[in-house]
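The structure follows.
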Amino acid sequence: MKKLLITALSTALCCTAAFSQAKVREVVTSDYQRNGISVVAVERSAQYDSDVLQTVSRFNPGNKFDFNAIPTTSVRIPKDRTLSVSQAEANAAFNSVSFGKQILSSVFNRRADGTMDDKTVRYRGNYNAKDQDVINARASQIGLEALGDAGYALVNNSYIVFIDLWNVTSKTDDQGKVTYYVNGNAFAYKTTFDEAWLNGFYTDCWIYDDDDATVRSAKIRAFEDLDVPVSNIASASAKGSGNTLQGAMLDACQNLIINLENAIPAWNVALTVMATRPLRAKCGTKESISNGDRFRAYSYREDREGNLISVKRGFLRATTVSDNIGMATGDTEPTEFYQISGNANIQEGWTIKQSNDLKMGVSFGPRFGGFSHGKNGKSLGLGLALDVDYLLSINTKGFASYALMSAGLDVSNAGYAPVYVGVGYGFGLHLTRMVELMPYIMILDDMLLSKSGTSTPGANKTNLMSASAFIAEPGFRISLNIAYPFQIYAKGFYDLMIYQGPVYKSCVSYGLNHGNGLGFAAGIKWTF
Amino acid sequence: MKKALILAASLLLACQITGWSQAKKPVIMVVPSDSWCQRNGFVQTVNQSGTTVTMSDYARAMRENADMRTVVSAMGDFMAKNDFPIQSLEQELKRLQTEDAELSMMTGKKSGGEIEETPLERLRRSAKADIILDMDYEIHRIGPKRQVSFNLQAVDAYSSKIISGNTGVGSDSSAPMTTLLEEAVLSFKDNFLSGLQHHFDDLFANGREISITLLRYDSCPIDFEEEFEVNGQDAELAEIIEAWVADNSKEGRFNTAAKSANRIRFNQVRIPLYGKNLNGRDVAIDAEAFARPLVKMLKKAPYNLVVGSAPKGLGEVWITIGDK
Amino acid sequence: MKRIVFFALASVLLLSAAAASAQNKDRRKSFSSWENYEITTEKVGVDGTKFVKVWGFGKNADAAVMAAKKNAVHACIFRGIPGNATAMATPPICSNPDALSANEDYFTNFFAAGGPYLSYITMTTDGIPSGTDKRKVKGGYKVGIYVQVMYDNLKRKLEADGIVRKLSSGF
């Protein structure tokens, strides 16, 4: 058994290590450009239509997107809201509306008389410009006008996202608190024309001041007949929950955008490290970056044939996020980062690309001692623990705050079916990026399930409380990166009984080996 | 050895520079191309020998088109930085205007009325521009953007040969027109200057290139096949003229393009850049000045011909025998 | 018989090692060679300048940046700069292909470390070369930088030093 475990573990480790060093076939670059987005709600001709419409119309996908206001804000797919909408149904609804034309009308401010202008496009070109673009523009004869010109290339980065929210459920707890749950599907479509197509559009549809009535009407007709290439490029599913229906729907929308971000590489912010100690890169709130966002670093090399290869390096998290909303001036304040993995230090000039995660670490392992004691209370009891830590924030020095959740069972006293759950707070300190020390405090609710009644809700409550104990657990955890996101951890703690229910107390008197005590645990951890 | 070589090379260069420093700078003038004038409506119709012809109206173009003035001044700027101030077309046109009446009286005097110059040829001759920069550009509208395509030809006014051609397009942008035109000028600037340098090197090495055409009027008692005795040998007049061109052209380089009893034409005649004037000073010579000794020779015995000489620009001269 | 096989094998091994070493040598040489660099026109530069992206190779990134700067000036003097869709090509200042060998001492001094060539170049890369512009290659780094070359000033300097003729020379 041991051999098998060791073999399995070492194979997993080798695989992970090999995978982390593998070369990326597709070259990851740092040429991130802003994208335009229009969010469209899916109506079902069923319950919650107005809630969905309201939520989606109020939903802000984030500062990183330019918002393309189009007249069609919803499409109708008649279907029961307990069922999910399929890709084919979404495509059919998409094809029934000329979204491509609506996008062009929006970005070129097309008016009723068919005339258009490039104010929005030029503004976006300027807004999208990075410091290097500003410096380049200053070096060229065209000058800063070139920044606005860059906006024309952004027109093709337009996305239409269908948001379908379905299967709305709710649960009411004992105190009457209602929690809503919503499932969501997102279908993303993108304009797929090139510069030549856009030039053809200008030739056929762009009305000049000196065009006569005949030419104008011909161009208006050409616009009406225009077939703008748009295609489906990604889809995503997510769930949302909240105390209100709209809150749950909004949560689902936000999660859908996060999941689409993972599916659409062009949405991932990519840029280069401008300095180290601390790690800095020119991005910030304009790109919807927030504290704790994860990025992956890449360096470049050439193979023997001179082909460019991007090499995956470590991960890093955004710490102090710069407020860079506004036009670049060539001197933008950078956001700071902390490197959380990788053997080599991330260097100046390397590319970093957004690589969203749940900021959640899940660890599993045996637990010895603590409130659980062995026979006669003289030895350490054995338990199994599943811990979850959620990163609340991290700073440039590597100090991190975690919300902790824990659940486990005490194997040594299995006869009582003792199960515990807990919540807490941890403060992570990094000695190096490979080692994290975390003092923490948790409150555990140790429940003896075998002693809790199940007859009525009221009785159940009383019984569960009386068969429970609340335990304060101050402790210290040390985690070691093996091959990120795989870690091993060990922790030491002291469990202090702060409250024991009457049933629990009597069980302790009659043989349940639970009480105050030192304990330790160890296991493996995976970051999602 | 290396040092000696460098010394020799520098000495040679110094000598060359000293030698060349006596030479006069070629005059350069920017002229809008005919196609540009046509596209922008700067044309005029004139009656020339009974035929109505459409010609470019440079004066109006320079007066009314701000874009062309931008291009000319941008080019003037970089040429001045290279010690080659550009002859102002505008000023030259004004000067021509005042001289127009006089010029027309002079042309009226000539009975060989069929040899007429176009306004450009007249301009070239009057301005004595050695190199004409034939400037053409077009502004393309691409929706909200504009793009300039340009074509600049540097033409040797003597031979009408293109010495530097520059075509290309600028950025497609919604930047102001002036910026786009300035960008176009800067884009071709160095390539153009390099072409010019190449041309000058060729001039210094091989001389200017001109053409000479000789015509016989019916009133002339002899034709080009008439034989005369020269240096004890009998030779046709055409051969005698050919020998003169061979003797006087630089290193005897020329080409006899046509030779008949009534017409002889020499092209690719390489002539020295400079000749002596009546006071023995170095002056730049054009086709007419080069052919002047030939005209004098034909007027004298044994030929005793009535000879007329009419320049067509700087690089071509028509010599008529039998009438002026 | 065995001996023959042994010798044959040994010579094959030796030969292939020698070939590999020669190949490596060639490769190293091609990297360090003065002529082996890429340069492209970015846009039409402001009056009197050339705005280019140029690559350089060096043992470390700093050395590669220095090499790239040198390459940019070298291209303006001897090689010329290729054009792009919206900018015409730039001819070399020295059209004579023998200019380098004829003025070897001058150019050795001109391109010396910290030499006069640095006065004619401004790096416009934001910070240090980054992203795909900084590549690890065998034996060092290859970097691409954006630079402005003061082409007109460089030309005047070479004219004043008698390396090239002025356009108005001889008139």
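By letter and in written order, the chains are A, B and C; residue numbering begins at 1 in each of them.
In the analysis below, a contact is a pair of C-beta atoms (placed from the backbone, for glycine too) under 8 Å apart; a residue touches a chain by one contact, two chains touch by 3 or more.
From a predicted model like this one, the values you see are computed outputs, not experimental measurements.
Chain C has the Cα centre that lies closest to the mean of all protein Cα atoms in view. Across B-C and A-B, it is B-C that has more C-beta pairs touching.
Distances between chain centres, each the mean of the C-alpha atoms, put A farthest from chain B.
Mean C-alpha positions place chain A and chain C at a centre distance of 45 Å.
Centroids of chain B and chain C (each the mean of its C-alpha atoms) stand 42 Å apart.
Spacing of chain A relative to chain B, judged by their CA centroids, is 73 angstrom.
Residue positions 43-45, 47 of chain C are each in touch with at least two other chains.
Among the residues of chain A, those in touch with two or more other chains are 141-143, 146.
Annotation for chain B: residues touching 2 or more other chains are 171-172, 182-183, 186. Remark: chain A residues 27, 29-31, 130-132, 135-136, 138-143, 146, 272-275, 299-302, 304, 308, 310, 330, 348-351 touch chain C in the complex. Taken together, the chain C residues at the contact with chain A in this complex read 42-47, 49, 51, 61, 124-138, 142, 146, 148. Contact residues of chain B toward chain A in the complex are 141-145, 171-176, 179-180, 182-183, 186. Of all the residues in chain A, the ones that touch chain B in their complex are 108, 116-118, 121-122, 141-143, 145-146, 148-149, 152, 198-199, 201-203, 206, 208.
Across the complex, chain C meets chain B through its residues 43-45, 47, 83, 85-91, 95, 102-105, 151-152, 162, 165-171.
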